[in-house]
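This report concerns only the one structure given below.
Letters A, B, C and D name the chains as they come in the text, with residue numbers starting at 1 for each one.
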């Protein structure tokens, strides 16, 4: 029941502040006997790490994961998988001067009111640094899903500001996502996005956008109504990511304008079983996977830290002027792609394990 | 950890199939000593019940709640509050002919694949009838929130199909919501929505829309990062409601197009403490309430049951033609308003209780 | 996480006060497709019900269970199984005069201090009447265990006061347990126990004793270290039963006097696999079932309500004299046998479901 | 819901194998603002560590705890407290020869059957080495209890084999517990126990015993009926400790022989409020603390590893002869005292936090 634990069957307990000794976590519920490719886990972390390209923060952290338990002779033991990532770049002094300040649209104010005090260094636990632990657990979930069910989870940046990739994901080659630094599978659009991010950064500003995620090969029957419907758990997972402001799956907000006769997905029998002629459902019916692709879209707000002077208040309620300094992301989306995949993979791994208990 | 239980501290365990003996639930975690107005609970149920107006299903069910335990001399005992609502309209025979059929965009197919068989009568547990139990628990949560913190939870229909109420909720009188049968606080727009629903029904079709929800007077400090952020729990709650396809809070999807310098909410000191000059945050920072209004918007797909012949398949994989009959909602939104409020109230009640444990 | 919910995978949420409208519960996690013999469930309840013999309370309650959901065409649906048992014997007036009194060794005092007030009628929720809900869930668990694994759960009264059945359970015919009213499988000892109980009752007094429980045919591999070890969950289950003061399994307290060389159970290979030459382990090694019989023993204190005048205090702190009246059990053990079995069956059903998730 | 997580409000997620890189854990639910004496935590660990006296194993491990997160400027942040203890003495080679063997009365057999394979080095996760993580969490729980409620938790060795300390704990000076290496507060008895342990070790054998635990100053009102009764959670906590075979509280097994008129604890009013004239209850009524001392007793079986040749089988089912080698405890009780206290403190800290939610 801890608010720092995610999942019911496949479970991550995450710990760590941005500038403490380490962040890390414990993964519970991963079944025994799963072969683990530790290089894959590190690769996933590298997709998230700072300093990876000119459009991310220039902060340097190697973000090397160290597995402490639960894996023996390259296989999961069925015991808790403890892991940690040391914090290298602990320049606490940089933060001394903002320790009493509330940065606009950051969690400084709410955190201090809730807990009475806070680790002000780099946002403490409210920092998105915490998501590195999620990426580790997500990598494990991906391995579990791939080896047992050949399920794939792929996200990509579908808009930055008003630069939008309008093409349906079915017409895109998602393998191209990793070929550019913004992680958009359409090269043309990717270039425009990169230009927009660079321009925004030059203005000392930041920009938001959307990420789309597609999950393939999920068998019929995953998802646990009535409260742990697949879309409900995905929504929670996604809204728990820093900066996410919205979630829609299948036909989403646009679908509200359709009539039932247009929106219903017709079913038909084919050689490979029952299939659907359209997928407004987004691969989920009544909270349970229907065998079709699951897809959803997320809204990310622009990063709160900007390189401009802003008015704000401190914890005595006095007016102050504040300006971001140091190295920050002008746009969080390229690095967030792997976080979205990680959370989605954890939700699916959870649903997979739950599905083993449906019938006697 | 049951998928039929919602909440961590304020908890509903819901049970019941659409055409079984009864639906109901058990509410755990409601503190002792809360005075209960049972009439209010029934009123809330009446806002949801079928047959309440010309634009809802004409099915008649009195939906009378019977509290079995947990309340003594009008006060909560601190023990589980068991309750039930008898199912009156159990015309099982109506459903005999569809017992082997999979209705398009219904959960018949996924449910049968998952569990091996299903209660086909009225959708069994996949029916939205189950949400009546949520309304009971939500009513209790509202009482708890109102009496302890004066928190109010108000939802309204903000669009039906392409008829949209564009006005910011701040300029609306939300008290007017209950003055019309579509539950839109703007009379003009309400009339257009009602016309659209009636027209759609005449065509044997259905239509979707959006609901907006506003929560006022939440103190600073509710919400449990990193996974039980207030917006994450709200998103899960909302996506667990039948037919919901999307959730956005604060600036939502539109906010992705803003720059950080535009999106950040400036803080300022006033006589009543620290406040914000804008509310793109939607009342939540870092997953914790910031004292401002919390607001969010939901997408509802059009109802799947239409009065038109559709092609589909049965559980032998054979092609069939299927046509809705009986009494169904052409638009689910007017009745869903109280369900949205109920789920929101449960999330907030949960966050309120959790907040008692933040500090020594 | 509710304190009124038991189990992780096979889960009972129990509700109800002794003299409210009804008691009951919701069972979650029972897999779909299990055939249910409802007569068996009622039979189990009858083994617990008051008024069944001359050595139990003479209170009369039919204790008829009504299943409200989750079972369709005699099979579990995989959905929550809601049930209720109406309270018939609600003589609230009998309790008016003790509403401000704290009965010695009852929960009146602690309950009122904790919650601020209480349902004083018949002990409210602190009454052992609540265990009827456990018997219903336990009956279901027994069916699940029997049909899937042929596991049996049998308890019996092994002592009343200082009348003790010293024979090892292996030398007893446990089928004889139900042939006498005290539920001791040795006729001679049973008669002595019955005499002792009758004599005690005549003195207006009560007496304690022990119950032994034996679980057979559990396969190797059930139990979830390190905290949900099989014996840990059994201990919790048992100590949650009213009046239980102690739990020991296998060699128990006596085993502490042995040397390791005496206590270790030697393993050997037979045609039917690896077996043990002794069973000090009580069928559990490292928290996991080892294939041998699981057995444990429980201490029950004498019933607190006696037909003698006792000094006590009321809720104003004033001295009072109090005397039990009405119809009470002179010895709780005969009726507790089925409660012990029910709790044990729930723990085992839980472990069975958990075991499905150990390996990929 | 993980079996490697203990507690509902005050929660430890433990990880680690005996001979992996590290063991450790994450503590969730500790409120913000608690001042932490890290030296105290290390001292508690030192009470458990191997090699501390001539009657424990001579294995040397410094068992130094490293806190990774959740504490800032010596105060808890209200965030997860991650910690680790490096494994120093990883002589894996020592274990090569038993990797296919099942040691008698160890968990090797059940573990391998459950998970398909196991980390055979030093028992892997089934080793009592894991309890070091519990001691860390228990130390924190003790600090929380002491600073907020002045609650103390003290355990001592009350018997070794048939050497028993029969004196009621009320007549003992529990401060003397730490003055001798066997941790028995009566010097005379302590000497006899030490002799017995030394003699047993010389014979290559091991011996069991009992530990008694006393908890003082618990206010009225802690404990969560009906399933999380204080004694139920204590019983689970204790039976989850390696080698524990029994639990009794208050009058325990002896109390079953009393009549109700003897067993009932009379209540009376004094200047300091309502008190009890006796304490058969063991400080708990109806699952809730009654303000009196809480006390309970545990049975520990003799250590399974003996320095004698025993017959056993390997994982091919072949007969083998096996003999313990290396450095093992002849008696686990002196080192277990602090583990018992740790688990008890966690249960009490949990109950304390829960009690904050009883009333509005």
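Going forward, a residue touches a chain if its C-beta (ideal position, glycine included) is under 8 Å from a C-beta of that chain, and two chains touch if they have at least 3 such contacts.
The model shown is predicted, which means the values in this text are computed figures rather than measured ones.
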When A-B and B-C are ranked by contacting C-beta pairs, first place goes to A-B
Taking each chain's centre as the mean of its CA atoms, the one lying farthest from the centre of chain B is chain D
Whole-Å distance, C-alpha centre of chain A to that of chain C, is 46
Between chain A and chain B, the Cα-mean centres are separated in Å by 26
Distance between the CA centroids of chain B and chain C (whole Å) is 39
Multi-chain touching residues of chain B, meaning two or more other chains, are 1, 3-5, 8-9, 14, 29, 32-33, 78, 114-116, 125, 358-359
Listed in rising order, chain A residues that touch chain D in their complex are 1-5, 8-9, 11, 13-17, 20-26, 28-29, 32-33, 66-70, 72, 75, 77-82, 84, 114-119, 124-125
Per the touch rule, the chain A residues reaching chain C in their complex are 1, 9, 29, 31-34, 78, 144, 147-148, 353, 356-360
Note: in the complex, chain D contacts chain C through residues 1, 3-6, 8, 14, 102, 104-107, 109-111, 113-116, 125-126, 130, 159, 161-162, 200, 203, 205-210, 220-221, 223-229, 231-240, 242, 245-253, 255-269, 273-274, 280-282, 285-290, 299-306, 308, 310-313, 317-319, 354-355, 358-359
